[in-house]
Amino acid sequence: MIRLLVYLLLALAFAGPVRAQSPADAAYTRLASDSYAEIEASIVGLAASGDPRTAPVIQALAEGRLFYRPADKALFVKQGDAVTDARTGVPAPATEGLKPVRANNKVRRALDSALGTLNLLAPDPGKRREAAEAVFKARDATVLPALEAALSRETDAGVKRTLQEARAAVVLAKPGSTEADRLAAVATIQGRADGDAMGILRALSADPSAAVQAAAAKGVAAIETRLALIAGASNVWYGISLGSVLLLAAIGLAITFGVMGIINMAHGEMVMLGAYTTFLVQEAIRAHAPGLFEFSLAIAIPAAFLVGGGVGVGIERLVIRHLYGRPLETLLATFGISLILQQTVRSIFGPTNREVGAPQFMTGAFDLFGLSITWGRFWIVVFALAVFFGLMFVLRRTSFGLKTRAVTQNRRMAAAMGIRTPWVDALTFGLGSGIAGIAGVALSQIDNVSPNLGQGYIIDSFLVVVFGGVGSLWGTLVAALSIGVANKFLEPYAGAVLAKILLLVFIILFIQKRPRGLFALKGRSVEA
Amino acid sequence: MAPRTPLLAMIDTKGWIFLGVLLAVCLIVPLFNLAVPPGSPLHVPTYVVSLLGKYLCYALLALSLDLVWGYGGILSLGHGAFFGLGGYAMGMYLMRQIGPRGVYGHPVLPDFMVFLNYKELPWYWLGFDFFPFAALMVLLVPGLLGFLFGWLAFRSRVTGVYLSIITQAMTYALMLAFFRNDMGLGGNNGLTDFKDILDFNVQAQGVRVTLFVLTAVALALGYLIARFMTVSAYGKILVAIRDAEPRTRFLGYRPHHYKALAFTVSAMMAGVAGALYVPQVGIINPSEFTPTNSIEAVIWVAVGGRGTLVGAALGAVLINYAKTLLTGAMPEAWLFALGALFVLVTLFLPQGIVGTLIARLGDRKARIAARLPPEPDIPPRLLEEGRGS
Amino acid sequence: MSAALALAEASSTSPGPAGAKRLTNALLYLDDVRVTFDGYRALRGLSLTLGRGEMRAIIGPNGAGKTTMMDVITGKTRPDTGTAVFDGVHDLTTLDEATIADLGIGRKFQKPTVFESHTVADNILLALKGPRRAFPSLFGWRNRVEAERIDDILRIVGLVPHRARPAADLSHGQKQWLEIGMLLAQDPKLLLVDEPVAGMTDAETEETAKLLREIAKDHAVVVIEHDMHFVRALECRVTCLHEGAALAEGSIDAVSADPRVVEVYLGR
């Protein structure tokens, strides 16, 4: 829509001059010359004309494809064997005796600048913005008139801002500009708030005007603050992103370990199974219904839940059920199960990474207050929170959740009230494992899908649950996010590995201080 | 309750069998390696001697783990860390023994440091060219870490699965640290290409046999120390703490002192095991710190029978022998077998091989000793039954 | 309670922390002790004084704070506010369980807690009064205790024939007695006994009452119990707790006649 409007305006703007004797015509004539000075002047004239049709001509000159006929000074553009009239763009019959329009370094500089200027008027806003950026960086005073012209026509707010910044940069670079202009320019540049802007303002420390110097210094400080804020915000975002991954990995454990008290060392393998389920779903879609690929993750989520949950119920019925009240042995048995599951997957799918694709909506990035956020990470954060609150809802508001809490708090009493406790145990464990499975769907998008996928998360997940306070879902959320953010804030200083080591040490020490975690359940019964 | 039990009386039947077997192995293996010519079917090749030596190192590691798990109820999932630290201390000594004979021929720096542009030896390498110092570090470094970690954790009353989880985090953190090149300990590749030990060629047949015998002696000593500890009043209190920690407190004991002592001794034993392991295997790298390794050691103890000491050693040797066989014949099957072992032993053989044998054959007293501890570590939620008052 | 507070006269047995002034002559002195768990007020200003060598029975409905009181005395639970002084000089609110046990306070749990995988004799051995440091226990005197010394105690609780059995094999009542035996081995100044006859037959209950009366001859004893026949058999002063504070105190007849006690505990 906007693009259409721009075309319309451009058409209106150029309709008149093109039909009449355009200022470009005069410039064209001077091009057909042997004098470099003439050619240069002509290029400047063409650029200043603002006529977009001059762009291909200048382009051709830059590439050595522009020729003139000495007889009548007509200009032709060669494209391979085809020859067209430069002014009209009409194909011309092959002519003899054409001489190339030559260029030296000075002319080439003029060409570059002219090309940049002409792009300021290109129909594509993206191109215009690029051109404005180029001017901003080059700060060539001769472009100023073209810049003004472009500014007066510009309708896209974003491009307009870039143009203004470019003009401000040029004004500041030009020796003769007035103090008022320069002050206004400083203000404009300051609004840009990036490294380049800071460079320009820093250079003003030698400005003749004290007022400009002061304004520039203030501007630098303001930009520094803003940049620091953005850096902080991006750390927070990356931290939340990492935290959401931890949350996804740990949230199932918050049920099986936190609520039921079962140490499930095969938890990571449920995540891994979820990731492989995603792989299989995508394979099936690729083979049978490629059109559904966009929905592959949506299909994989319930599938992974069923796979993880099913395996979980199986493990509970076959093994864990016999080990209630013996947590250390549960730990060993489930570790054995994790080895078996890993090796099973390795035998079936091979030890190498399998490729899981990303649907369209998971790719790309968007900009938020100067912060570039990838859609994939964004959706994973949203997904993690959705899973968390969904689980919260199930445990707090459904009759199944009520039974689960009843059984875990007082098994005998629950049984006496007619709750089938073994059934609740199996389903609760299945729920935790199923959630691990759907975590695998999300993690398949950011991690290597290999048989070892789960191993990488198991220690982190346990630490998140213990750090947050066993039995507290909120604790798990807070722990996951704070560990994620702390990790990202440590990384710039310590490096990724050392940051992780420091956090591990911190959590180990923290558990000494508060053995029951951040959100410990207090009371007489806990410490029995 | 007999006053002044003579020291030998502390060794019971299974202990005598164990020491007897060790002695026999100590005599037979070197004899059949050195005295029987290589062509003979009775000849034990040198690589087998080192392989057996490796098994005995694992047996010592398992023994150290049994001391804390079987008697103190402390399920450490990080004993590989102590093993690895002892191994690195020995590895550093062996690196210094290479001297200028490295590939780069640097007079002081080991190859990997030359490669990483080190200008001089980091301070913590000083002294490792001196064997007694290195030997001291083999005991001191794991012992100190074990003491600090144990003291803090036990004083804060971190028990049961919580303790298991943080021991696992400890070895995981160490693994990450040792993988870093900046650690100055060879990073990924670890320490290897050893040449001499005490100026003897570490590859030589005689040295290999000597190392094997030394490992067997260390295992026997480890057993005697652990046995002495567990039959003393100290050991009884340790078991009492395992069974009912709060009760011991109200009797006036400080459980964290007892546990920290056991943990420290155990860490040192594991360190010695690691130190003996390195020259026989020829390499030490950060993979020794992977949590999986430590958990594997736990299953050795579980299979052999925890709380029996002898069983732990037996389990380590049996499982590692099976591992050698299976990974050679059908590598895919090994993890299946190991996984199944974890599940089946916890479900069907909770007392392990030796524990079950004792229950079947043993006298009454031994049966008491092998009795499984009740686990006080039921997670808080499951304990939420109000105590009426 | 302050009526029973007799100040000064630092003539008594145990030496307190250096420079500490003896606050009271009572063996155990609790004043205005308050404990809160997550908003639940378990003790709401409990005060209690126990004289030397006195036996006291504590009764009260569930949730009255009886066990929490024991937790405070033995250092398991730290009170939010309040005073707990043992032997006039030792501030119990600042000491840990082991130190308190060492001062001479022994405790028997509500659920019999003995070391199940040890023999009866070893249970007593571990309880015997004496240094309890970790390292010396490897070589120390506890490795060379005469069987006779242990049998002396087993004789009192009637478990001599069972001395070599694992404690796990004992009956419920025998475990209770073993635990009392362990208390005796500790030789404390004060015994805290939580529901010693729960789950016992009538005959066993009677035996236990006799045993406790015997022990009370040279020890101070606090007994928590619901069984009013048993409490009567103890022939001692009774304190009734209710909602975390002392409701009534006096002889068994006086307390059981108190209308408030009847209201909250005994029932009409």
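First chain written, first letter: the chains are A, B and C, and each begins at residue 1.
Note that a residue touches a chain if its C-beta (ideal position, glycine included) is under 8 Å from a C-beta of that chain, and two chains touch if they have at least 3 such contacts.
Just so we're clear, the structure is a prediction, and the values are computed from it rather than from any experiment.
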Handout entry: Innermost chain, where centres are averages of C-alpha coordinates
Key = B
Completion exercise
Farthest chain from chain A by C-alpha centroid distance is chain C
Practice task
Would you kindly tell me how far, in whole Å, the mean C-alpha position of chain B lies from that of chain A?
Solution key: 48
Problem - Mean-CA-position distance for chain C and chain B (Å) - result: 43
Handout entry: CA centroid of chain A to CA centroid of chain C, Å
Key = 66
Completion exercise
Residues of chain C that touch at least two other chains are 67-68
Practice task
Name the residues of chain A that each touch 2 or more other chains.
Solution key: 521, 524
Practice task
Note the residues in chain B that touch 2 or more other chains, in rising order.
Solution key: 387
Problem - Parts of chain C lying in touch with chain B, wherever the complex brings them together - result: 62-68, 74, 76, 96-98, 101-102, 106-107, 109-110, 113-119, 121-122, 125-127, 132-135, 137-140, 142-147, 150, 164, 166, 168, 182, 186, 224
Problem - Complex contact set, residues of chain A against chain B - result: 257-261, 263, 265, 319, 322-323, 325-333, 335-340, 342-344, 346-347, 408-411, 455, 459, 462-463, 466, 470-471, 497-498, 500-501, 504-505, 507-509, 511-513, 515-516, 521, 524-526, 528
Fill in the blank from the handout: Touching chain A in the complex, chain B uses residues 75, 152-153, 155-158, 160-162, 164-166, 168-170, 172-173, 176-177, 179-180, 291-292, 295, 298-299, 302, 332, 335-336, 338-343, 345-347, 350, 375, 377-387
Exercise for the section: Would you tell me which residues of chain B are touching chain C in their complex? Expected result: 1, 3-5, 228-229, 232-234, 236-237, 239-240, 243-244, 246-254, 257-258, 260-261, 364-365, 368-369, 371, 373-374, 387-389
